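Let me give you the structure first, and then I'll get to my questions.
Going by the order they are written in, the chains are A, B and C; count residues from 1 in each one.
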Amino acid sequence: MAGSGIAHMRNSTDVVLTVRDLVVEFRLGKDRVVRAVSGLSFDVVKGEVLAIVGESGCGKTTLGRAILQLPPPNSGEVIFEGTDLTQLPKENLRSARTAIQMIFQDPISSLDPRMTVKQLIDEPLEIWQRGDEQERSVRINELLNNVGLDSELVLDRHAYEFSGGQCQRISIARALALDPRMLICDEPVSALDVSIQAQIINLLQDMHDRYGLSIIFISHDLAVVKAISNRVMVMYLGKICEVAPPEILYAKPAHHYTRALLNSVPIPDPTRQTRTELLQGEPPSPMNPPTGCRFRTRCAASSVLCTQEEPQLREVSPGQFVACHHPII
Amino acid sequence: MNSLLSIKDLNVSFDTPRGMLEAVRNVDIEIAAGMSVGIVGESGSGKTVLSRAAMGLLQGSNVHRTGTVVFDGHELTAMTRPEVRSHFGTGMAMIFQDPMTALNPVRRIGAQISESLIFRLGMSKKDALKRSLELLQLVRIPDAKSMLRKFPYQLSGGMRQRVMIAIAISCNPKLLFADEPTTALDVTVQAQILQLLRELREDLGMAMVLVTHDLGVVAGNTDYVAVMYAGQVVEFSPTTKLFADMRMPYTEALLESIPKIDHPAGKRLLAIAGRLPDPTDRGSGCSFAPRCRYSQAKCLEESPTLKTDPDGHLYRCLFPIGEAL
Amino acid sequence: MFNISKFTKPTWLSVSWLGLMLFLAVFGSLLPFKSWKFVYENDLGVVPFSPGHILGTDNNGYDLLVSLVAGTRMSVFIAITAVSLGGLIGSALGITAAFVRGKVDTVMSTVFNVGLAVPNLVLALALVSVLATNVDINQAVPTWRRVMVLIISLTIVLIPILGRIARGATLSWSGRDFVTAARSMGMRDRKIIMKHIVPNVLPALIAVAFLAVGVVIIAEASLSILGVGIPDGASWGGMIARGRNDLEYSPHVLYIPIIVLAITVISTNHLGDVIRASLDRRESKV
């Protein structure tokens, strides 16, 4: 199948998650299909922070959920620690899933408003009967303290009594309760204000260091991504454009979309408002994506080749992979 | 100045089980037609409450409001709720912060957008749907036609936010309150939406209050900035002046804490230490004192009042930056 | 959720009135009254506040207070049973449909919409007349069977009303991330529904259930007036139906049950609104 290539896949024993040819489609009516994720492949090595950035609606959330089989992808493999999650029977999946936990964008909607903080964090422990009440209670205190909350003060309060940043800390504590090996963070800080953003990012970094977690970090804030990730994957309309370590990607983007993305970052200085090269044109419909390169309808460098042939990922400089016929070099 | 919206000595507090929560304190703001004012500040500093109170959207028996809000010659604070509501859509409109809960989950997008067109502008259902389609294209929604028939849960976060924007601008308001309008959008779409809002301001003379915590967005899209802290406006100045010559220690800390794209990769971010003071317990002295790197003994005793530079730059600090001690 | 100290006067009045109705329905049979069918042959058509008959009697000599207490028992019993059954079945269907989505949901919401499109009374009338007729026309249908049929019909009327509310609320709650979070923690679907969906949907349902009680009481009365309710006057509707004949000489026979019914419906509607308003407030905080 015409994927976006697999040149960037690593053949290492350290790989914890391998996603191959992942396809997720939503059916709307008889013959209308939203192609949210179209044949994506990538991997994550142990302890890595892989950032996924891309246009709104390009399938980042769908991809994150498909890894957890929520809902399961239409085709493709999701191999986590040697097991293909897509092939697991329901009951095994239920337990396999606990090794991967998710942090959501909206911290308030990810916590049941009727439950107290204690009940919220106890929930995963109770489902899996991790210890008796006494042991679980000790564990809850420990988790809350780890994320910087005073357990004495918060245990019996409800989520809606907290600010967004505190709710996000509670979500992180809950996600860590089952000792996951991987976290999928779906825009964990975009609903938070700057000062709290920094605190949460630093907290995630600490948890990453302390528990040796692998993290998939979905975000559209390129500055935040730069601070936390080891590898950045740029997506456009369900496909990969570019994969590279942040130092390289930010210094010399090779894909035209990556460059447009970097140029659009607002600069907190009124005197340096460039306002150049806004990305032009309508974003194409995911129901009827363009042939060849999916970015070609908005790319200034597009050629005939781009309409005919889908570019495959290839290495343009060490560690930098790009799916473009005419990369910027 | 011929002002479109004039807020005078606005105070909003909530009666909560823990005591009186003073969410907005002594705020004065004037907004002229076509002007764009940014409101920045930490979460919980009162930005949303201020804009909701200005629109007369706060209700309930636990809300206490004093001060006056005059919009386009009408004193909103003296009106009944239906009278205030008659200004919504065509007079004022709001892009709500939380697109998930502001959209009705069981109604199609098309119906939700055309509703106010039919209701406020008296369009026929067919015209309203046609206009809805244009609006969706305006906010850069791909495949806008099929979007009309979708339900909110079928949309990505950024699409929902853009639907909210389409609803807000549908009746060409004179004043748009945009409460964090682009938080769920990626930077390319954000840039397009901001440009769209800029065009609406230039073409239709729409005024805008842009609530955001992204100082980058403020820098390129506003004429004036109000920095809020603990319910008060602590600094107010023309945007260019604020970035070039800020006087408030809080503004400085806020600017430092933004992750910046030219920050070295993998370097730890700077956070403002500590957190907002308890809003139910407004003690004496400067609210920012426990977190302020310039604070002096005097800051704990005396509440700073709003001072004005000759050029109209307002700030609320006893020892402002750039002033010899 | 409720702050009793914030109750307004109308709210207190509604609560007290409904409390009184409930008390009469449950303990009415223990009051030292004669049977409501006892005929006071010397006191026909006595006006209210007469000695021995606080609410007077009707032209047949039935004591109206005693009738009213018996009627309350029947009306309240029918209303509560129908609303509970309708709520239970409706919310089970609505919640399942919204949670599962897909075809099940399409079918279910179509069924609800069709049910809602038919006016309540017409549907109830049709159901009662189909279910409560005897093969032998001359043989009267026993009262208990009438009551059963009435409850079943009203339940069927209520299912789409409450089902649709449950479906809407579930759609909105099951889209929230905490449901996804619960799944990713390995929680089973059934438990997610019981633990996360039902408690959140319940308050909205209770608010509507109060309104539904009003709907049922009125429907029952209307059916009785149309002659297909409870035949021999043991409910408010039955009393109204009989009172019609006495209108000329003893108008109080008609007014008393009407007033009681009206106050009850106004009270349930008011409480439903109060609950809904307090929900909206809670929602806006979430």
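Note that a contact is a pair of C-beta atoms (placed from the backbone, for glycine too) under 8 Å apart; a residue touches a chain by one contact, two chains touch by 3 or more.
Computed from a predicted model, the values in this text were never measured in an experiment.
J.: Taking the touch definition from the header, please name the shape of the chain graph: line, ring, star, complete or other.
T.: Shape of the chain contacts: complete, all pairs touching.
J.: Which chain lies the greatest distance away from chain C when centres are computed from Cα atoms alone?
T.: A
J.: Centre to centre, by mean C-alpha position, how many angstrom separate chain A and chain B?
T.: 28
J.: Between chain B and chain C, what's the gap in Å when you average each chain's C-alpha atoms?
T.: 46
J.: Just how far, in Å, is the C-alpha centre of chain C from the one of chain A?
T.: Measuring from centre to centre gives 50 Å for this pair.
J.: Send over the residues of chain B in touch with two or more other chains.
T.: Each of 100-101 in chain B touches at least two other chains.
J.: Mind pulling the residue numbers of chain C that touch at least two other chains?
T.: 176, 286
J.: Of all residues in chain A, which are in touch with two or more distinct other chains?
T.: Touching at least two other chains: 105-106, 109.
J.: For the complex, give me every residue of chain A touching chain B.
T.: Interface residues on chain A, with respect to chain B: 26, 28, 32, 53-57, 61, 105-106, 109, 163-165, 187, 190-199, 201-202, 205, 220-224, 226-228, 230, 245-247, 250, 260-262, 264-271, 273, 275, 278-279, 282-288.
J.: Show me the residue ranges of chain A that touch chain C in the complex, using the header's touch definition.
T.: On the chain A side, the touching residues are 65, 68, 70, 94-95, 97-98, 100-102, 104-106, 108-114, 123-124, 127-128, 160, 171, 174-175, 178.
J.: Mind pulling up the chain B residues that touch chain A in the complex?
T.: These residues of chain B touch chain A: 41-44, 98, 100-101, 137, 140, 142-143, 146, 150, 154, 156-159, 162, 183-192, 194-195, 213-220, 239-240, 243-244, 253-255, 257-261, 263, 265-272.
J.: In the complex of these two chains, what residues of chain C are touching chain B?
T.: 6, 167-168, 171-172, 175-176, 281, 283, 286
J.: Quick one: which bits of chain B touch chain C in the complex? Just the residue numbers, please.
T.: Touching chain C: residues 60-61, 100-101, 105-106, 152-153 of chain B.
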